[in-house]
């Protein structure tokens, strides 16, 4: 009996999963919210042939995977498919998607279920707030990358890159490649923290280091300063960014007084790591670990039978471990076993590359005194414009300990982004770094995973047939 | 089962324990504190973490037929009118507004068949003190310009109001604390403290003993379980409801608007899915769209069928909402009572045990009235309304072991 | 005699004035290329916003396209003839303070 594997997410993990599932003879349906496959890592222009491969990594792998999938009659790729909910019937989870141009209205509504489900929804940037971060011109590292890779657009002419994590390096490199002057890369982690995170894993990460060394070399060649123990603590300007204040910070990210430097800049790219996109895994009923990732076993299986997760949702580790996890998830979802010989290599790679995740986690841990750079005016919830001062005042006045009443009394997390941007920060401020609230509610629970139009919701969904024709991919290269 | 526990002097005794920090429990804590009692509120999770945060903040008279619930509702409404000012005295600076808004309601029928029942219902309500103004088609569209022009009948209820229920709950609690009440969160009741004479003398929680002169159960749909733990019985059951929230949009919906089905759904005993449009704007600029009723236990799973029906009906009332962006859904469990009246008053089995629960979808509106009523019964002062219809003793006995 | 139309061009209207974009761009890309950083005004504090996350999760970059609100500019491709307006947000007048 041919298994049908539903895969949510067309980035490295999802693509690897699709390929492995097809290799095992399964039928695959892949749902990707964007107009093109690739996720964030392989974001590319609408005209694929116009891709600047200098901005890409592992591009050959992307081409191989997409060719494998699009050429296979057992694969159906649906792009512009926004999964907005997962509900359940007697057979198990059902995926609800709106297919059509981003944000509709009038998209086609489909409802789909298979024998297995693989959740490969990736992650988005975690950005710590700072005074002025709500000014136009302040964007995430992911935004800089998306604009550079997909549209050859620099988000500014003079750009400061700030935050923590190895991701700052390719962000700076791609900004420079599309013509921006990068004022500097300001990594908040101190040399001591970086060494503690990276050095113990260096022997196993030999394969990774050249790539990172390559970025550092490129930054050096372009004379872009890479400074550790430094953070942008304020963005200035009206109506948009015109400069930044950078300060030295200690091991816990508290700014040292008197170390502020001012730089002219019309854009700031910020990334303090990544937040996994968990809402669909939660909707499917998957258990989430204490450090807020989808709990999976060696087969990439979640706590729900028939549901798998791969990539950043199981731990922030980058594209290579996502490819390995995706391969394992796809193979097992299609009926294989994690001990099968086909999986020996991805299982080994996963073990090695999880050390990269550990290096990132330990080397770039958010310092507990970062909040000392906040002022009362600093916006915490961008959507609802709730300031740090207001948040603290209302929480003190109500004495609330639950995330739900905190949201409903302050309005944090109640805007269209539903706490994606401010959520981890609010949880940390409300409860502490372990983010365990008094009412057990977590910010990542979003039964409506993406906004849909009321008219779209009103329509009874179709169940698409699994066609056997060639070229059923709807990816558009214009 | 009940334990015989010696009254201990280690934990200071309160005059009253209120179990449950939803809006009803919070209002009771406030009213009892104002009456001079020392109060301890014991809440298993956080304030308003149950039904109070899962509804719309409705304070309605439009959906109530003449009877005890309407009487309590009218009294409670008169108190809501004053409460913002009254609470100011007790709230710390920076406390957010409870957003009380007497915006009025408009009930519309969109079919020929729906018009007569709506108008008849309004006719019965007027003698009981409800202002129900029949409006013609043109006036309905003037009141609500975005209304579907196919409306066949409309009745305006200027007394209908709205409040932000979570803030209101927190406000009652904060005011009660200012008056000396204690609020304990994350503390779960496990059993009663029973005195030698059989009276309840407090509760045992997973943290220890909490002695008190009397205990009030205000746990909404969880009241059945707590009543059982404390040696009594209450036939309250969860009735699931789902709401949709849109993104912020220009202010196009002025009143609370419902279709005439709403009244039927509230009064129905049907366990299956019942939906009826309830649509309104909020102070934040979003639009709340409800509502549904389904008896499915405490199942929290996403109910897409309910969401779909709610969406469909809302677009019938306001066609422009078809392009509204739904950004979240929430919902919860109303405390459903078999005779559609809350239980407010002394428990017939356990002396010293009281109930303030079972308000189904009307708990926000009836909270202050309930609090004043139970306070008067406890303090021996003249009750604001006739307490008899709400007496828990009316509910009889459980039909069999394991009810409800 | 007009020149042959460039097939890579996409003609839009932005807040009533013509804007020429390139085929394959998102609305956000077109706005940034034209030099715009601010294209939304927030409800409470009337602050300017534009691009933030670039990948569709923050909902800051919202524009009105062909009369429909809440379109993420960073996700939406430019289409010939699109009429784009800035999403200027307000709170209902009954709100006095917060």
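Which chain is which? They are A, B and C, in the order written, and residues in each are numbered from 1.
Assume a contact is a pair of C-beta atoms (placed from the backbone, for glycine too) under 8 Å apart; a residue touches a chain by one contact, two chains touch by 3 or more.
These numbers come from a predicted model, not from an experiment.
Distance from the centre of chain A peaks at B, each centre being the average of the chain's Cα atoms.
Of the two chain pairs shown, B-C and A-B, the one joined by more C-beta contacts is A-B.
Chain A has the C-alpha centroid lying closest to the overall centroid of all protein C-alpha atoms shown. Centre-to-centre spacing of chain A and chain C amounts to 24 Å, using the average Cα coordinate of each chain.
The distance from the centre of chain B to the centre of chain C, each centre being the mean of the chain's C-alpha atoms, comes to 42 Å. A straight line joining the Cα centres of chain A and chain B is 40 Å long.
For chain A, the set of residues that touch two or more other chains comprises 103, 105, 384, 415-416, 451. Multi-chain contact residues, meaning those touching two or more other chains, occur in chain C at positions 43, 68, 70. Across the assembly, chain B contributes residues 96, 247-248, 284, 323, 325 that each touch 2 or more other chains. Listing the residues of chain C that touch chain A in their complex gives 23-26, 28-29, 32-33, 37-38, 42-45, 47-60, 62, 68, 70-72, 74-77, 79. Here chain C touches chain B in the complex through residues 43, 68-70, 89-95, 97-98, going by the rule given at the top.
Residues 96-97, 101, 103, 247-251, 281-285, 323, 325 of chain B touch chain C in their complex. On chain B, the positions that touch chain A within their shared complex are 45-49, 53, 91-96, 164, 166-167, 169-170, 173-174, 177, 183, 185-186, 244, 246-248, 284, 289, 301-304, 307-308, 311-312, 314-315, 321-329.
On the side of chain A, the complex with chain B involves touching residues 85-88, 96, 103, 105, 283, 384, 390, 393-394, 396-402, 404-405, 408-411, 414-416, 418, 437-440, 446-448, 451-455, 457-460.
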